[in-house]
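Okay, got some structures for you below.
Shared between the two complexes below is subunit A, which has subunit B as its partner in the first and subunit C in the second.
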Partner chain A sequence: MFEIDTLCYHSKLREKNAEIKFAFTVLTLFICVWNRSIVIAAIVFATTGFLTVCVGGIPAARYIRLLCIPFFFLLLSTLTVVINFSKTPLSGYAICLGTFYITAGKDTILFAVQIFCTAFGSVSCLYFLSLSTPMTDLIAVLERLYCPSLFIELMLLIYRFLFVLAELASSISTAQKARLGNRNFRTSFSSFGALLSVLFIRAIQKSGRLYDAMESRCYDGTIRVLHQQYPVKRKELFLCIGYELLLLYFSWKGLP
Partner chain B sequence: MSETILEAKHLYFSYDNDQTHSLNDFSLKIEKGKKIAVMGSNGSGKSTFFLCCNGIHRPSSGNLFFHGKEIGYSRRELLELRSNIGIVFQDPDNQLFSASVYEEISFGILNLGVSKDTARQAVSNIISKLEITPFQEKPTHALSGGQKKQVAIADILVMQPEILILDEPAASLDPKHTDIVRALIDQLSDNDMTILIATHDADYAFAWADEVVLIHEGSVLKSGTPLDVFSDTEALARTNLRPPSVLPLFQTLCRKHILSKELPVPRTLTELEQRLEALPDDAKKASSK
Partner chain C sequence: MNKTQKKLVTLSTILAIGFGIYPAANAMHIMEGYLPVTYCIAWGILCIPFLIAGFFSLKKTIQEHRKTLILLAMAGAYAFVLSALKIPSVTGSSSHMTGTGLGAILFGPCATGILGLIVLLFQAVLLAHGGLTTLGANTFSMAIAGPLLTFGIYKLCQKLKLNRMVTIFLAASLGDLFTYCITSFQLALAYPSEVGGFSASLVKFMGIFAATQVPLAIIEGLLTVVVIMSLESYAKSELSALGYFKGGAANVK
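Right after this comes the complex of A and B.
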């Protein structure tokens, strides 16, 4: 998560209008999932990958490494669809195991491939958004979409506190390691427990201090902040609309 | 005669239901436009006093006056007080809550009820004044300690308070960032703002402050001009402080008749060095003999 956050601040697409990026992602994701088509998923994967790496400037190696995490997860999940135990072999493939077969029908295999491609296309779509749009801009978009303010404020505070607490946890962990806190499984287990309890106490203390600091700046129960504005460019808007229309055309053609 | 902007009269405050007092009969007068260094050992009550000034803590007894009017604790009165007395906390991580620098700075001014356009203008001005532009779009967690401190100061300055309180502004900063923050404070001092700084740095307090306040066990032990306060070795020892390095050096040079006692006391080592450089060569030779 921290790597994604760091990378997105280096993306060349970071200063493009967040609403456009958000709309592009949501529409593309919707079309990709709705069609469950291998071709459309491949187009989505290629486009979002191109935008993220070639246009956004995210290093390809790091992008591929990030994709590997969901790739293996999706692969394992899809395998469960195509591995069936049956007494009779099915049309797709069959591996004989004595009186049983590990087998699946052609339709099932096609279905599994479609599911895998759709999920992977969707993941690349979400990576495009998260690797080009900082959380602050996403929060601003949600605010403009009239998301409940409580939800927005919670997102804002959780996002900020994740980093504060991660830094704290890292320094406590280093201090524990420096005193052989991770010498064996038993000490590691004990150190981890101590870390969690200290982290919990510190989180409460920090939240109290943060509240004081907010109160000292006239906080009245509602967090009001200004967001950076990046104007919408016509070219980007038309490109986005054109791309979505093209995807809709492909889905109307009923590609596999 | 200078106008008193803030006055504390016999303040008491306890964090543990009056078993111990963090503020113990604390009385102090602060004049408008003054630069005040508040000093004292750890746990002496400096931060507690600051939080009382801002209305975050309510003293269990005693009175606080702002512009001669007693501070009230209704929602409206507190908002008015907090818009006039800004406090920069010691640890910026306890102050910065927003995801980005720009959002963070806009928080205080929007709470004052100004329009978004006015707030946007004020935020842009303060960002440019405090040289925050290069990192204004960065997330707050990606800033260095010095940058976080700059943003924490900008957070308060954008609200244009009459009194600025800085709780150990140079704490855990490297010399370069300490200089940046101090240059910023000097810039503010020139604008006739009343500034209170909690610090343990006697050299800085001696060079910068118009008045030094020594706090010991929740009350004011001594206050006055830097020379008055730092000449009181007994008071300094009670508050775990050392005199500024320029003071004993100047006194030694005077005792050895190298410099005249009649001259004003230099406030920094650089000033003292310039005085020595300005001495005629004969005097230097005589002193070396």
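Right after this comes the complex of A and C.
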């Protein structure tokens, strides 16, 4: 169910320092989104793609399939930006429809291309983080950034319960399929409703049992876990700083 | 193959790829990198008062009843799994529930805000729905505005003593529609149209997303009715466990 999570545990970049990966992603994302430049987006797309596929060892085919996930949203929204209804044709293109035109100016088309590229660059940047850093490491980074402890504990627990509930949901839906529960729209509708409610009941029951188990092992309101530390290598640090400075230099030059 | 046949094959391949991509659509999360930085920050700041209020309310509940932390975490995991499951649909394309309606009715708006933030963060990292920069905007539309409206309508209909099924359906589906309106609003505000400015852009965004979102809102409303009705008949004791949350399912009677 969670392809990204499975892939990320296989990444060769997994045992690098999580903080530096996080800082790298956030800075690069920020510069990429701030500039909306096609050149910077292309550079970010190339480097993060290279890092994920070539250095991290994520299969290229799966990486490309993952990149397609937000494609539908991107397509619809970018089309919306480029399509205008007007009585007078604009400079970019114009399709005549009786009394009015579907049209857009040249600037708008350039702008739409910029948004498109920025979005792909930043998605690839996000994938660099999520395909190299397991959730538990990310939570540890947030803890170092002084995120409130209630938040951290909730995240830790939710991450653990995800897999329990997902497995339960998939076995229930297998059982429903085996009994022709998805024969037509009507049955699949009621099966899905049943799946959701049973899942909810089970979740509440499990949480009760889990609390009893924790209580009997002296749970006092805080969950303490040991984190594995991966020290930062000086080479990685310098490479990251150099890369960000380069991006900043390009954005200062104001490329299209 | 002659030329026409080749063209046909190519065309059908393109169509097939198009439909192949379509099922991966979870249209209403604004994707990573799509909003300008200023808007990302502004929407994030707008979320903060709601989140802080929710945070303190939860903290108080947890200090009083320690068990609620585990319960809350299960609820969060449930909301995430719910949004990752494919819902049945007529056209064969697969789409996902937002779960805002169900969450708001079961756990109340305070808990839904905080849980929504965490679930959206997980969705961004684990499912690539939404993103880190657009987290603020998505949180506002899906974890704050939608649930608040759902909860408001739910309470209002209860006061008016409407039929329970109608109440739940209205609350869930209108909350869902409201989420989609807010997302369109966010996009239109960031990208006003060349001709006609903000209002024209809002109409365009709402029109384009209506095609997927209106049927989805109706399906989600119906599903929420099915789930809550069956919970009420089979899981009275489990529901009473939720009574701790302020405005939560204590009122599901």
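Going forward, the second predicted complex is superposed on the first by the 254 of 256 C-alpha atoms of A that agree within 3 Å, B and C clash if a C-alpha of one lies under 4 Å from a C-alpha of the other, contacts with A are read in each partner's own complex, and residues count from 1 in each chain.
Methods note: a residue touches a chain if its C-beta (ideal position, glycine included) is under 8 Å from a C-beta of that chain, and two chains touch if they have at least 3 such contacts.
For clarity, every value in this text was computed on a predicted model and none was experimentally measured.
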Once the two structures are overlaid on subunit A, check if subunit B and subunit C clash or fit side by side.
fit
Quick one: classify A:50 as touching subunit B (first), subunit C (second), both or neither.
neither
Touched partner set for A:9, first subunit B, second subunit C, both or neither
first
Looking at A:218 after the superposition, I want to know if it touches subunit B, subunit C, both of them or none. Which is it: first, second, both, neither?
first
Classify the contacts of A:228 with the two partner chains as first (subunit B alone), second (subunit C alone), both, or neither.
first
Report for A:136: first if it touches subunit B alone, second if subunit C alone, otherwise both or neither.
first
Contacts for A:157 in the overlay, against subunit B (first) and subunit C (second): which applies, first, second, both or neither?
both
So in the superposed three-chain picture, is A:169 touching just subunit B, just subunit C, both, or none of them (first/second/both/neither)?
second
Roughly how many degrees, to the nearest 10, is the angle at subunit A when you join its Cα centre to the Cα centres of subunit B and subunit C?
90
Tell me the contact category for A:238 with respect to subunit B and subunit C: first, second, both or neither.
neither
Applying the document's definition of touch, where does A:249 land relative to subunit B and subunit C: first, second, both, or neither?
neither
Mind telling me which of the two, subunit B or subunit C, contacts the most residues of subunit A?
C
Minimum CA distance, subunit B versus subunit C, superposed model, integer angstrom?
10
Per the definitions at the top, what is the overlap between the subunit A residues touching subunit B and those touching subunit C?
5, 135, 157, 159, 164, 206, 210, 214, 219
Which residues, counting only subunit A, touch subunit C once they are in their complex?
1-2, 4-5, 25-26, 29-30, 32-34, 36, 66, 68-74, 76-77, 79-81, 83-86, 90, 103-105, 108, 115, 118-123, 125-127, 129-130, 135, 138, 148, 150-151, 153-155, 157-159, 161-162, 164-166, 169, 173, 182, 185, 188-197, 199-201, 203-208, 210-211, 214, 219, 221
Could you please specify the touching residues of subunit A with respect to subunit B in the complex?
5-6, 9, 134-136, 139, 156-157, 159-160, 163-164, 167, 206, 209-210, 212-220, 223-228
List the residues on subunit C that touch subunit A in their complex, please.
21-22, 24-27, 29-37, 40, 55, 58-59, 62, 66-67, 69-78, 80-82, 84-85, 87-90, 102, 106, 114-115, 118-119, 121-122, 124-129, 131-133, 187, 191, 193-196, 200-201, 204-205, 208-209, 222-223, 226-227, 230-231, 234-235, 238, 241-242
Hey, which residues of subunit B end up touching subunit A in the complex?
51, 54-56, 75, 79, 82-83, 86-87, 89, 91, 93-100, 102-104, 106-108, 110-112, 116, 119-120, 123, 137-142, 155-156, 159
